[in-house]
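Take this structure, written in structure tokens, and hold onto it; I'll ask about it next.
All chains are identified by letter, namely A, B, C, D, E and F, in their written order; residue positions are counted from 1 within each chain.
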């Protein structure tokens, strides 16, 4: 149960911006599958288009970080934010990009450790050491 | 201002468990610097020891993930949890492990995008697509 | 599956404070429907009464903000806190108060943008500009 | 720097509701000190009064939980929510109610462990065991 | 202290994309002031440009929601996410768009109430009432 | 649906570290029931072992806090973090340790109040009163 309608393909095809984005999703991913996130965003075609363009720019361009590393960072943020759908979708994406069980296990271990020390630091209200300032200012 | 005392070296030296952990931190890091997090945890020597052993096991062992990648995952979790100290300390650690400005920029971009889509997904309460189930069960 | 019993009407009728609050909910809302949140709180009649009185004072009085605007603010907070039930119940309430699809789409866009920039700001630990201080102190 | 004015005593004395609440805070706490939280809320006298009445009902009545235990629960929530002011004010309150260093250390250890396992559970999306349902429904 | 350099105008002027965005910020806002958020993002000109374009699309276009309402929603999300900088900057923006003290007080009251009921709902794990499903599916 | 396999007993028995931990869980708890959290962690035997050892050290040792109090603190953190599984499992654990309905109600009331005031404080950005500094430094 969602708070918005999830547009099926018949509905999507009637809205040119939505059709164009769905076509692009399929072309870029080389798959006919368009997941529910995009079907929900399709209620607001401009938001759908901006979000998809943003995702392509951040996750699907050549860059300094390996695509799998980007997915693992995504999982880390989604976990801390408690986003069930996002944890599932990006874990699936990471596995599709080759994440091994060993890498998944280490990812979980780092996420858990960070969760622990984040809480300890906040409960103790530890002041930032001046040595951590590396901005050159 | 912290909610606990930050033990200085003179105080730390009077508690054998604390002294042993501080000595190990210095030996492992090849640096005399012991940051405030450990000085706060030192009020509870058993907690200090467990936390340090956990950190070594997760962050400082050979494994399937590059040490820099682990630091970036740590930054991602710490950001989503709003932990100022942790963002600073692990950004400094990532830079010490060679994180370039380009990598830092991409890390920020992924963290920001995940923050955005996490919120969109939760506001729409998107149901998980069955295609994301890859556990084989 | 909840961690508390959800009191049905027969049980509610046996506890005077609960019955009085349920009657008031029905009278104020002009509907026989009492949603699960109140049925859970009914296990602690004093907490039920305080929470309902608080909700009436904040959400159901004449004031400086339109009732629909208050519901949209409620959705925004509930989204950031990851409260599934709250997102559903207040989206339904906003729709009942006339939220259009266009308004819903813009609400989602603002929530998503805020999620993104909140994460970017925290990851960069941006210091507050003194120009933002408008308290006159 | 706050987003609202913090009313000093001279300003508070000119608003009857605010003066009455501040007088009650001083009487109940047997101290002349009114902390900044109430001085900020005083900009909205009705909100100030409701919040203070709520706090008295929850934190200052005889009940099934020891007052110190309530403060420790408050610290736990405030830590997970990343509320610096709240962590400081309720740690001070807990110490004033007799929290020992050993109790504080154990509180921190539980908070840290919960932070860790919360993150692990969310990253793995563990389904709830049916054995945990004890509501009798 | 930030984790990135905050580019001053002299540095910004040497990077065409950054200069163009800063010029646009000044033109759109009719003010010479460029706040620190943009100066931090300027380290990654593409991220700066995308973020600014996104902000203009969501916050500065004609639409179904009043610009002040959008700022209040922004404050609500930023509060729940614990983003100090964002709370300050968007409270200043809301005041610049005419938010009165009465509106600010009601905004705070709704944010506080939502925070309370979000926590109560989550602690009780209240199941969603089927009546809240208004998607027509 | 989890992002990892939940190991059943037959699988667990083939991995010595996993078998040893499961045996210890059963011995310590005097119950044959091993809940899903441990079955998920079992994919990474070292993480399983560290997490179980950490839990025993924090939750199952003699100390300054009553075991039931520790469970209530755990529930408080898990609620603020929005961890459904954790709220369920630790509410069940608290009930098994004797938490009464009255105690549960008060726990909920404190969690709700803290959620409310955490949000109010953050939205107002209240500065910490110097009187709260009790560290002696």
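FYI, contacts are C-beta pairs under 8 Å (C-beta built on N, C-alpha and C of every residue); 3 or more make two chains touch, one makes a residue touch a chain.
What you are looking at is a predicted structure, and each value in this text was computed from that prediction instead of being measured.
K.L.:
What chains, if any, are shared contacts of subunit C and subunit E?
P.N.:
A, B, D, F
K.L.:
Enumerate, in label order, the chains that touch subunit D and subunit F alike.
P.N.:
Chains touching both subunit D and subunit F: A, B, C, E.
K.L.:
Same or different for subunit E and subunit F, where same means more than half of the interface numbers show up on both copies?
P.N.:
Same; most numbers are used by both subunit E and subunit F.
K.L.:
With centres defined as the mean of C-alpha atoms, identify the chain lying farthest from subunit D.
P.N.:
A
K.L.:
Please tell me whether A-D or C-D has the greater number of C-beta pairs in contact.
P.N.:
A-D
K.L.:
Compute the centre of every chain as the mean of its C-alpha atoms, then state which one is farthest from the centre of subunit B.
P.N.:
Max centre-to-centre separation from subunit B belongs to C.
K.L.:
Need the CA-centroid distance for the pair subunit B / subunit C, whole Å please.
P.N.:
About 34 Å, centre to centre.
K.L.:
So, what's the distance in Å between the C-alpha centres of subunit F and subunit B?
P.N.:
Chain centres of subunit B and subunit F, defined by C-alpha means, are spaced 20 Å apart.
K.L.:
Quick check: how many Å separate the C-alpha centres of subunit A and subunit C?
P.N.:
The separation of the two C-alpha centroids amounts to 27 Å.
K.L.:
If I count partner chains per residue in subunit C, which residues reach a count of at least 2?
P.N.:
Residues 1-4, 6, 51, 54, 57, 77, 79-84, 87-88, 91, 105-109, 111-120, 122-125, 128, 132-133.
K.L.:
Touching residues of subunit A toward subunit D in the complex: what are they?
P.N.:
Subunit A residues touching subunit D: 75, 79-80, 82, 84, 87-88, 107-108, 111-120, 122-125.
K.L.:
List the residues on subunit C that touch subunit A in their complex, please.
P.N.:
82, 87-88, 91, 101, 104-106, 108-109, 112, 119
K.L.:
Which residues of subunit F touch subunit B once you look at their complex with the stated criterion?
P.N.:
Interface residues on the subunit F side: 1-6, 46, 50, 54, 57, 128, 132-133, 135-137.
K.L.:
Would you pull the subunit C residues touching subunit F in the complex into a rising list?
P.N.:
Listed in rising order, the residues of subunit C that touch subunit F are 1, 3-4, 43-44, 47, 51, 77, 81-83.
K.L.:
In their complex, what parts of subunit A are in touch with subunit B?
P.N.:
1-4, 6, 33, 35-37, 40-41, 51, 54-55, 57-59, 63-65, 69-70, 72-74, 76-81, 83-86, 88-89, 91-92, 95, 100, 102-103, 105-107, 109-111, 113-129, 131-134
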